[in-house]
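In what follows, chain A forms one complex with chain B and a second complex with chain C.
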Partner chain A sequence: MTKLIGMTPSRRTLLKGMAATASALALPGFVQAQSSAPIKLGFQLHRTGIGAAYGRWYERTTQAALKVLNDQGGINGRPVEVIFEDDGTDPKRGAEVVEKLASQAGCDAIFGPLFSHVVNGSAPRAGELQVPYLVCSEGFHVASGKLNRWTMQPGITDVRAQVSSMAPWVAANLGKKVTMVFPDYAFGHDHRDYFTAAIEAQGGEVIKHIAIPPTETSFTRYLPQIPKETEVLYHVMVGPAVLTFVKELGEFYGTGTRPEIFGFIDSLEAVDTASPGLEFLEGTHFWEGHCRVKQADASEHEAFYRMAVGVDDTGASVSDSKDVATYAHMFSTWETLFVLKKGMEAAGYQTTADRQKLIEAIEAMTNMPESMEHPQGAKVFNGKTHQVFGHQSISKVEGGKLVRVHMTSIEDGMYEDAVDYTTMSF
Partner chain B sequence: MTRALALHLAVLAALFAAQFLLPSYHHTNIARIMVLAVFAMGYNIAFGYTGLLSLGHALFFAAGMYATGLGIELWGLSAAPALVLGLLAGAAIAAATGVLALRTGGVSFMIVTLMFAQAGYLTILYFGAYTRGDEGIVITRAARSIGSLDLSSDTPRYFAALALFSVGLLLNLALTRSNLGRAMIAMRENEERSRMLGYNPFKIKLTALLISGLYAGAAGAAYAVLFGYVGASFATIQYSILPLLYVLLGGAGTTLGPFLGALLMFYLIDISSGYTTAHLFVVGAALLILVLFAPKGILGWVRDRGAKWLP
Partner chain C sequence: MDFGPFLLLALMEGMVMAAVLALTAVGLSLVFGVMRVVNVAHGEFFMLGAVIAWFVTHFMPGPPAVAFAAALVICPLLVGGIAALSDTLILKRLNYDPEATIVATIGLSYIFQQTALTFYGPDARPVLAPFDLRIQLPWFGYSGYKIAVVFAALAILLAVWLLMTRTRAGLIMRATQLDRNTARAFGINVDRVYAAVFALGAGLAAVAAVLIVPIQQAHYLMGHDPLLLSFIVVIIGGLGSLRGTLVAALVIGLSDGVISVFFSPTLAKILATLLVAMVLVFRPQGLFGTKP
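For the complex of A and B:
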């Protein structure tokens, strides 16, 4: 038999050929694995610590949004995974959690924290790691320009805008001589400074500022400081002492005449307004970021969101009527997740190398119409200040339930830009 | 070279090498742990060596942190002088606290130091116009450089933390071998006998507290510059308890105990929080086991079992 020299493949050639064939066969699978790998998002969660009541609902809201998002096909055709990591509502741990989510878990972006001190403690590390950090904290710190290009707040209006937008209605409907009661730390000081300026712009005035030290557990010695000529008592308290505050306020005024009372629902987030001891709130008004009780004119998007998260028409969990939602704030996590989706799609996001493109894509956003993605209502995003602006509600307690009596315009809360992050380097 | 010095140099060499070996996440963690270990070393000087059980060290840490942060934010200082200011602030506040608190002893000393720390915390909130109260202050990256060394970058930050830790550790070792160090231990063991021998307990304890505050202030100042945040939460009781736990876990009255305690406690929380929300319960359980079976801490236990040369 003639040996066909040169036509028989050598062992080396054969191995090369097999390797090439195997590579060719494997490559589409590899490419497929790359493109269909889940997008990982980190959630900095207040699961324990003083923010735990919020954290519980933020996690539920995000899980519900994630299910909707994945049912719709995920982001850029890839499923999305959210990794929750407890920060103990502590700024030191917050920075460590950012590190863990970005460096160890390999998350593409991080979102979710509410408490301002956690955001401030974590944002520097997010900037150093160059990971998009989308916060849900209401704090003015983002728009103030104190943070960095990687930190944004596209899911909730900040406290400066919230407070400022209340003043026109308060002045027109409740009164112009206001006494403010607020906690004596940064959150309370924001209320003091921005509401005072806003009410003065409406021809009103704050006739007395009553700052309550954060360690106070009884308020009886502060209540006599409320001037008799007060027309509106503006209160914003946080923490467990709020129930004592309202109860003691009721005892202070008794059945006699009292000023109009306007408060921020932060005081009563996750607390049933029909709780014993809160009867005094009947007829008083509250700011709400998102109406806890389903309103008669609720949009289909609001109804869908409420059902998806598992909240009944009164604002409590569908599985436990005593488990009241942090409804005024928690929509921010839902909306932020969908902002991330939209941003990633606009940026053609594939890997962590595209993080900068993601930031630029979100900075380019402006109008966010009311939709399933934005069930709280329409918003306008300011890419320069990294801050979103939306409608706010004023509700009145009627029969132990919060009924909306006014919705502000988006413009009511807007203020001049303090920073242009788009000019900052990455 | 003694065994003790060789061990300390080996630990520092290992930490130096770790810079090149550790993955990103643990790299930053170790930098953070070294800064916290300096805080714990300071605590150990007061508690472990001198027997001063303080519940007010958060005040000294926060004094260093705020002096540095406010120095940068309000007075426009650059990072280097701001760090020195922080270090001195920690020492000055500790000395001022000591002058008053050292008139008491035992449980009373604990309570008085706790009250001072709480007053410090409330003072930070009270001057919210400058300190931004509970929200705290973010220090910009531009302000976190010494010369051309950008301390917000991973490698310079690690080496800065290592330099601080090295100086702190070697000075601590030198202190334990000095006359002052021995007098401090004498205060812990038997104050009355020391007094009878001619020592002035008040003076020695005040000096120990001042050095302790110097360490705590240096750690607070370094934390502000290296991690870019100054906040009131660092002045809360939690940050007085943490160095105590680090020291108890690692070994009170041992030079390497604070670092070992900070390292183990950090990862105990980090790992357990991935499995349960009750991670503080895990920490508590670990401490209970420690108190029951190794009340002198890990290195104290090692020292009792043969390594008597361990400082």
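For the complex of A and C:
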């Protein structure tokens, strides 16, 4: 014991010396940061794990957006750097990644995660560290008020708005007795809760909910639970087994009679709609956040975005036609990056001390017109709920290709505010 | 759906599962029976089989059936080779000490998983089935390939059984299983037997994976479930007993099929795990195992 005590002062002296040296070294860096040092943004990336297909394309989209952004002169005259960090699509690692990006890499803001369990696991840590955390996850968890003032979703419409805006079309065109197949976790539960409510508002009903664990690899055993009187089969599935799910659905119905099928493209993201075994999808409908196949009326911004990311007119990579994009979702990373740019410019962002000003600047945003910064289409941002609202597309498989048959208006998806984050303290 | 067709579908799903499970679990059981090694890396041998099957079918020209047949031959050989190498380089050096081999195979499983992630990537990739046949029953459609999997698995299991009971190699393996030292005294090269058994066990997992990969997809994390289920089967059947493993695979596969169709797949897993607990409490040597 005496030995330990004897050691303490010398160690303290040593630490003092180190701290002094470190601050002396850091000082010129700090001065420089105010002038021309790059703005550092952290990207929480699903590079591995069940979200890997999304991660691959989110990284490409962000790199493309970053190049455009820096070619335009960066943010506030400073170049921008994005640090990608893999979270393994795992909530526990997600929180660690937020910590690493904020504390170790010293990022000014963090963005990019999609999977809702990762967002739910990471957002509290972002709030504790007081770092702006801009998610691209579609979950209702942001607008529900469950998260915190530092977490926002300005790049993609949430599930509640998506399903509410489409339910009237489904009820009017496909049928009113619906069976839902969804993944059994936060994201799937948003589908279950809000589509069920929305279809009931249209005089329809969900006659059966079939929840499937997101790690499931075999699906045939769930399909007999679909009641015979089902008029519309509503499916949404995620993870590496999505192709298996859709194939087994096709095998199950075969050439026999089947209900109308309305799916979320999530069940087929990164999968070629012309894959063998998917022929039965002909004539079925899909939700798309952003049309995978270039539509006849595509805007110049959409064309520019598609070219910049490196996606061909059918939705696959220009360098490998077998590498199909997660096109319906990945625009959110592009748009979020440009929201960050706009927010930082409005806030006069200089250092991490201005993070709070950045949040306030984004909260003040409202209309986001269709533009190069918003290639998916016009949007309206609600600063109180931290959630953006945009157009949704319903596409039909015709000749193996997804063709848009309906586009919802922004107002179709609006609902009453469940929270006012602007009244919360930082 | 009515009860009859419902049950039929449940049994068909159960049979497919039982067939693949039997192949995987027999490999695990063989390794434990002969070598007394609890191979935690068994699930990763399964995964390697699937991943190599993707490479083979992807780069092999010609119709899918030929590419698939090639995968069916190449994958077990390659995976068996990797297993034999792991045995000679690692397990042998540990003198097959039970605790040390468990830790070593856990380490191996991470190495295999990360190697697959590095060279194959994080994506799930499909392998084309050798033929495209859909059987249309009046109530539902079913994949013809899945039924072929059941028969292929039966044929392979029969071959393993013949190998173990009717050939000289099988005799040597059984002799080594019975008493390693006496076998050595009779001039059997136990080291080579061990390497061969480890390779055979891994090869069986690889074959099972090649059969399953047109139904599921090849993914670097796919080894977890087969490992868990194989352990369940092997513990219920009795470690080291091939007959017990087959019976247990059938019980687990069919009950899983029926329970998951009529109730929920989660309940099926709960009951299987409960059964393992019961077996461990009341008959620790397993249903067909002999007391040590």
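The working rule: the second predicted complex is superposed on the first by the 378 of 426 C-alpha atoms of A that agree within 3 Å, B and C clash if a C-alpha of one lies under 4 Å from a C-alpha of the other, contacts with A are read in each partner's own complex, and residues count from 1 in each chain.
In the analysis below, a contact is a pair of C-beta atoms (placed from the backbone, for glycine too) under 8 Å apart; a residue touches a chain by one contact, two chains touch by 3 or more.
Bear in mind the structure is a predicted one, so any value in this text is a computation, not a measurement.
Engineer: Please indicate which partner A:R221 is in contact with in the superposed arrangement: first for chain B, second for chain C, both, or neither.
Structural biologist: The second partner, chain C, only.
Engineer: With both complexes overlaid on chain A, does A:P213 touch chain B (first), chain C (second), both or neither?
Structural biologist: both
Engineer: Figure out whether A:P124 sits in contact with chain B (first) or chain C (second), or with both, or with neither.
Structural biologist: First partner only, chain B.
Engineer: Once the shared chain is lined up, is A:P276 touching chain B (first), chain C (second), both, or neither of them?
Structural biologist: Second partner only.
Engineer: Mind working out whether A:K67 is in touch with chain B, chain C, both or neither, as first, second, both or neither?
Structural biologist: neither
Engineer: Quick check for you: in the superposed arrangement, does A:T48 touch first (chain B), second (chain C), both or neither?
Structural biologist: both
Engineer: Once the shared chain is lined up, is A:S103 touching chain B (first), chain C (second), both, or neither of them?
Structural biologist: Only chain B; A:S103 stays clear of chain C.
Engineer: Quick check for you: in the superposed arrangement, does A:T244 touch first (chain B), second (chain C), both or neither?
Structural biologist: After superposition on chain A, A:T244 lies in contact with chain C alone.
Engineer: For chain A, which residues belong to both interfaces, chain B and chain C?
Structural biologist: Touching chain B in the first complex and chain C in the second, residues 47-48, 213 of chain A appear in both lists.
Engineer: How about chain A: which of its residues touch chain C in the complex?
Structural biologist: Per the touch definition, chain A meets chain C at residues 47-50, 52-53, 55-56, 213, 216-218, 220-224, 228, 240-241, 243-244, 248, 250-256, 270, 275-277.
Engineer: Within their complex, state which residues of chain B touch chain A.
Structural biologist: Checking each residue of chain B against chain A gives 23-25, 28-29, 32, 122, 125-126, 128-129, 132-139, 141, 152-154, 227-229, 231-234, 269-270, 273-274, 277, 279-280.
Engineer: Which stretch or stretches of chain A touch chain B in the complex?
Structural biologist: 47-48, 85-86, 88, 90-93, 95-96, 99-100, 103-104, 116-117, 120-121, 123-125, 127-128, 139, 141, 146-148, 184-187, 189, 213-215
Engineer: Mind listing the chain C positions that touch chain A in their complex?
Structural biologist: Those residues of chain C that touch chain A are 1, 6, 9-10, 13, 17, 117, 121-124, 126, 128, 132, 134, 136, 138-143, 215-217, 219, 221-222, 225, 257, 260-261, 265-266.
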